[in-house]
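Per-chain residue numbering starts at 1, and chain names A, B, C and D are given in the order in which the chains are listed.
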Amino acid sequence: MQSPIKKLAVLTSGGDSPGMNAAIRSVVRTCAYMDVEVMAIYRGYQGMIEGDFVLFNARSVNNIINKGGTILKSARCQEFRTPEGRKKAHEQLTRAGIDGFVVIGGDGSFRGASIFHKEFGTPVIGIPGTIDNDIFGTQYTLGFDTALNTVVEAIDKIRDTASSHSRLFFVEVMGRDVGHIALNAGVAAGAEEILIPEENLGLDRLLDSLKRSKKSGKSSSIVVVAEGDKTGKNVFELKEYVEKNLPVYDVRVSVLGHIQRGGVPTAFDRVLASRMGVRAVEGILEGKTNLMVGIMDNQIVFTPIDEAIKGHTKIDRELIRVSDIMTI
Amino acid sequence: MQSPIKKLAVLTSGGDSPGMNAAIRSVVRTCAYMDVEVMAIYRGYQGMIEGDFVLFNARSVNNIINKGGTILKSARCQEFRTPEGRKKAHEQLTRAGIDGFVVIGGDGSFRGASIFHKEFGTPVIGIPGTIDNDIFGTQYTLGFDTALNTVVEAIDKIRDTASSHSRLFFVEVMGRDVGHIALNAGVAAGAEEILIPEENLGLDRLLDSLKRSKKSGKSSSIVVVAEGDKTGKNVFELKEYVEKNLPVYDVRVSVLGHIQRGGVPTAFDRVLASRMGVRAVEGILEGKTNLMVGIMDNQIVFTPIDEAIKGHTKIDRELIRVSDIMTI
Amino acid sequence: MQSPIKKLAVLTSGGDSPGMNAAIRSVVRTCAYMDVEVMAIYRGYQGMIEGDFVLFNARSVNNIINKGGTILKSARCQEFRTPEGRKKAHEQLTRAGIDGFVVIGGDGSFRGASIFHKEFGTPVIGIPGTIDNDIFGTQYTLGFDTALNTVVEAIDKIRDTASSHSRLFFVEVMGRDVGHIALNAGVAAGAEEILIPEENLGLDRLLDSLKRSKKSGKSSSIVVVAEGDKTGKNVFELKEYVEKNLPVYDVRVSVLGHIQRGGVPTAFDRVLASRMGVRAVEGILEGKTNLMVGIMDNQIVFTPIDEAIKGHTKIDRELIRVSDIMTI
Amino acid sequence: MQSPIKKLAVLTSGGDSPGMNAAIRSVVRTCAYMDVEVMAIYRGYQGMIEGDFVLFNARSVNNIINKGGTILKSARCQEFRTPEGRKKAHEQLTRAGIDGFVVIGGDGSFRGASIFHKEFGTPVIGIPGTIDNDIFGTQYTLGFDTALNTVVEAIDKIRDTASSHSRLFFVEVMGRDVGHIALNAGVAAGAEEILIPEENLGLDRLLDSLKRSKKSGKSSSIVVVAEGDKTGKNVFELKEYVEKNLPVYDVRVSVLGHIQRGGVPTAFDRVLASRMGVRAVEGILEGKTNLMVGIMDNQIVFTPIDEAIKGHTKIDRELIRVSDIMTI
């Protein structure tokens, strides 16, 4: 494989997610293996604009595979949204002799990469790093499996208290536009009801479900609510609503918040990151560009970045059905 | 050891805490060992009033030592605060032939036990089960060590994100009247500043500390805030205040909430529960009453319940100093 | 969906694996949802022979989704391998009015189920529950993801010590015939070399790899060894061999052993168990029989049991390549 | 506090233990706070002999409080046991202008420190870092609490399998000379019997206990065995012995091994490390020397190193009694 590419760069951008470090390590080591130089760009596109680059070798990424967050730091960057910002970034890349880059991030980061690629022709491959699992072209994003387990462990703890006190808990989890975390965590944690952005079951159904649950002899219940749920009520309003309309329950709220983004990545996320990093570098060396690596049916595949950012992975309807059956 | 006591009861009351099940197991098995019958009272004092009793034997408590929550369930009970309620409870105990009881709970539960003891002379021993570590007469309450580790693990996760994004986080932890969780978790998690109910350092000092931290080259910071902190501001108001007065920081808030109460108890809490349960039963058989078992300087000791509920364990001033030094 | 089946049974058989309880729960609740009676068979085929059955309802499986092991207990049963044993089992099923059963276990359990089905025509569906991931017809067996994470967490701990002392560790993990745990854990934990039953790289290559690693500046190394590796040496012999032939290393051995089978199931295993349980019951009600449910490319599919037990899921060659690249 | 000491050093020595990094951080930051220079010595006494020193500041120890192992690396050093080796070490310290040092390690490391102090008069304070809890003068050594929780979590997993298969497990844990881990873990994990170096209950009592346990209706059992137990049999021989003399059990063995040394330190170990580090530096600046910091009855105290290495902390007889009662 002869490639005109002699030097690549890698950066993380947008919200951090567990597995980003494993992906950085994979990109860096694959470059070393392929005899391609690799520069780390710090602080995402901001660092690209400022030329915050460090030459890495295989040893630079020792002992990071199991660390949460990103050693390259991340940032959201307004300046990169402007033609001037991107021009500066391009000049920095040129000055450093960088022939292309791998960006690890979510759809915002990919949007920037795609525009940059169109303006300057720089080869770029994306690795989907976000806990939300909301990127089209991959069945799993990096960090989703870890975040899911964090949520499930948290709900297991909450259930201890819920059971001891016969309470109903509304647990808010991340997911502004998609309900993947909520749905999977809800099934895994045995939630009574799951409220996701993809469908609005309505408040009546919620009440019915809780009534049925009470009648069936369950003494405690967990309702998992994605941030972006479509009932029109947030978790605190849901609590009030249920207390008013179904006063048999002692209702509590828990907003899991930022613990969902961090933590030691699971085995799944580490393996996925390693696989994606290899293919990202291989792809760019093979002349591929403006693509995202993803995992579909256990294969690492490429999807045009422009498609990846257009849609979301659909929620699994079968899993909604499984959830309904489990809560009998 | 000849004792007139032939049948004891055990109950959990108030907020649940990890280690309660291990304490129940210890009480039940110690009774079995001492050839004393033991009845489990469900749902705290409410179950005592309603006669919700089940005869237990050593096998009834198999495989619960590592479970969070309480298999006997818990409740706060208004009726037990009335003389009529307590009279009913006493009738139920008498009818069931119960000669005394062990109550696992916090100061509210102990208050009830003490009044009950004074009214009816029933032998009673308390085991301090609460995550807050706020009971006088014991250096550790059951559940404190587990809650502390839960908080520290959560902050470790939050720090991954804080470091990746150079952010300042306010993390609210439990502790209405005492700052034990906040202070210990803050030291263990390397927090920049710790706000506790026991002392009000003032908002100026907070700003100073954050400024100094920024200047010293730290890119991210965690401030741990006990629920009952005395700044007059909650975590959301603190965020606004800092954003306004120290705009260099990107500030976020995380309220850990109910995950702090549940979860698999740590080794420390399981051993402590086992030790306390043994001494509680032994004490009551030796004729002791209206006492609480506690651990002081690694010894299980007894303290009059009336003293235990009067004060709180003082915050460790040395640890505040350690925290100050660590945040240089 | 009208089905002649009015009463089903569920059992766990062979070695236990995390997620079995979640699968039991799913089978039981799906039966309840479909208005089919369900009996739990205790202690695998032994319990089937002895008629150790209990009628379950939806509430019988409360709070087990997050428990390791199997509440139905499991056993290996010699008697079921004899025609007489199976005849007794069939009589017990008939007497109890059981029209078919779902068996959760590995290939030994499936073999028994298939023979039984052929002899008596009893409808039967298998759910692959084993940590080894060695069943053909499913890309993931129940418990594999949990075991993998247990192994990776253990190696993370071992690496702390390996790094601190510049040591080489041989870590033996489960896998007599297949190397899925070893390969995936090795990649996820950043192992230097991975020895699996599927290929014998030879001891020379191992030494070469360790030499190269030392030269490249790594101070510590982990080698993951599947039980059934084909070097002809077990981990203790490998230690001796390396100490003799490459005396620069301080070598240690760790055999992870039985901790790999237990533990709280991961989110992945709980969701998978829930999905498989639903399809197993649905399948049997639709008239399917002598099949195993599996997950292929994120879909729950059926495979004839006789095929499932014939082969193993192949090791992922791409992942071997990823591992080679990562250890540069 | 005026002190002639202007520059201190810190090193870790002997087997690593969780919390060592937190102690390093505390020593370094306390020096910074006290305006004393601090040098990190790498690889224990070996690095002292070779002059492997690096000047640290408060930021050098960022983000290590929650890391297992030791960033300074550790080693056992033969050369330091010779007068020549220690002479070289002293020359290195002198050349670097180091006025005294804090050594974090176990009794071997303290022995070396004490001899060194006597030969050269160099001020030295020890911090007890070892998982075994076998140092006189402190009720807790750094790493003990973490190791204990690691062991208990491992046994919890093993119990899942033991219960599912009605098996008896012998679980070997660390502790050559002392049984603190075994005894505490045994109580916390609900072990049937605990074999420790401090007392030989004899094999007859073991058989009796297992028989009684079987009769009492327990289907599975865990026996925790310290490495240095005094039955004269190791875990594998114990398995054979029980299989021969009590054939009702299906017996298995698990040797936990090196996972016990690593891992993220618990809150307790992090707080303890922080407190000890502060007092170690303060002590040496106050003119104290050849002492070890320890925690007794929740106070940080000093003990002459020569006393600390003479004996072991006694096993808690009360806890043995608690264990006996719990296994009824």
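What we mean here is this: contacts are C-beta pairs under 8 Å (C-beta built on N, C-alpha and C of every residue); 3 or more make two chains touch, one makes a residue touch a chain.
Labels paired with UniProt names: A, B, C, D = ATP-dependent 6-phosphofructokinase.
On a predicted model such as this, the values are computed, not experimentally measured, just so you know.
Novice: Both chain B and chain D are touched by which chains?
Specialist: none
Novice: Quick one: point me to the chain whose Cα centre is farthest from that of chain C.
Specialist: It is B.
Novice: Could you give the separation in Å between the centres of chain A and chain D, each centre being the mean of its C-alpha atoms?
Specialist: 39
Novice: Taking the mean of the C-alpha atoms as each chain's centre, how many Å separate chain C from chain D?
Specialist: 35
Novice: At least two other chains touched by the same residue of chain A: list those residues.
Specialist: 156, 159, 163
Novice: Chain contact graph: line, ring, star, complete or other?
Specialist: Drawn as a graph, the chains make one closed cycle, so a ring.
Novice: All pairs of touching chains, please: list them by chain label.
Specialist: Pairs satisfying the touch definition: A-B, A-C, B-D, C-D.
Novice: Name, in rising order, each residue of chain A that touches chain C in their complex.
Specialist: 25-26, 29-30, 32-33, 58-59, 62-63, 65-66, 139, 145, 148-149, 151-152, 156, 159, 163, 184-185, 187-190, 216-218, 264, 266-268, 270-271, 274-275, 278, 297-298, 300, 318-319, 321-322, 325-326, 328
Novice: List the residues on chain A that touch chain B in their complex, please.
Specialist: 12, 16, 18, 20, 67-70, 73-75, 150, 154, 156-161, 163-166, 169, 219, 252-259, 261-263
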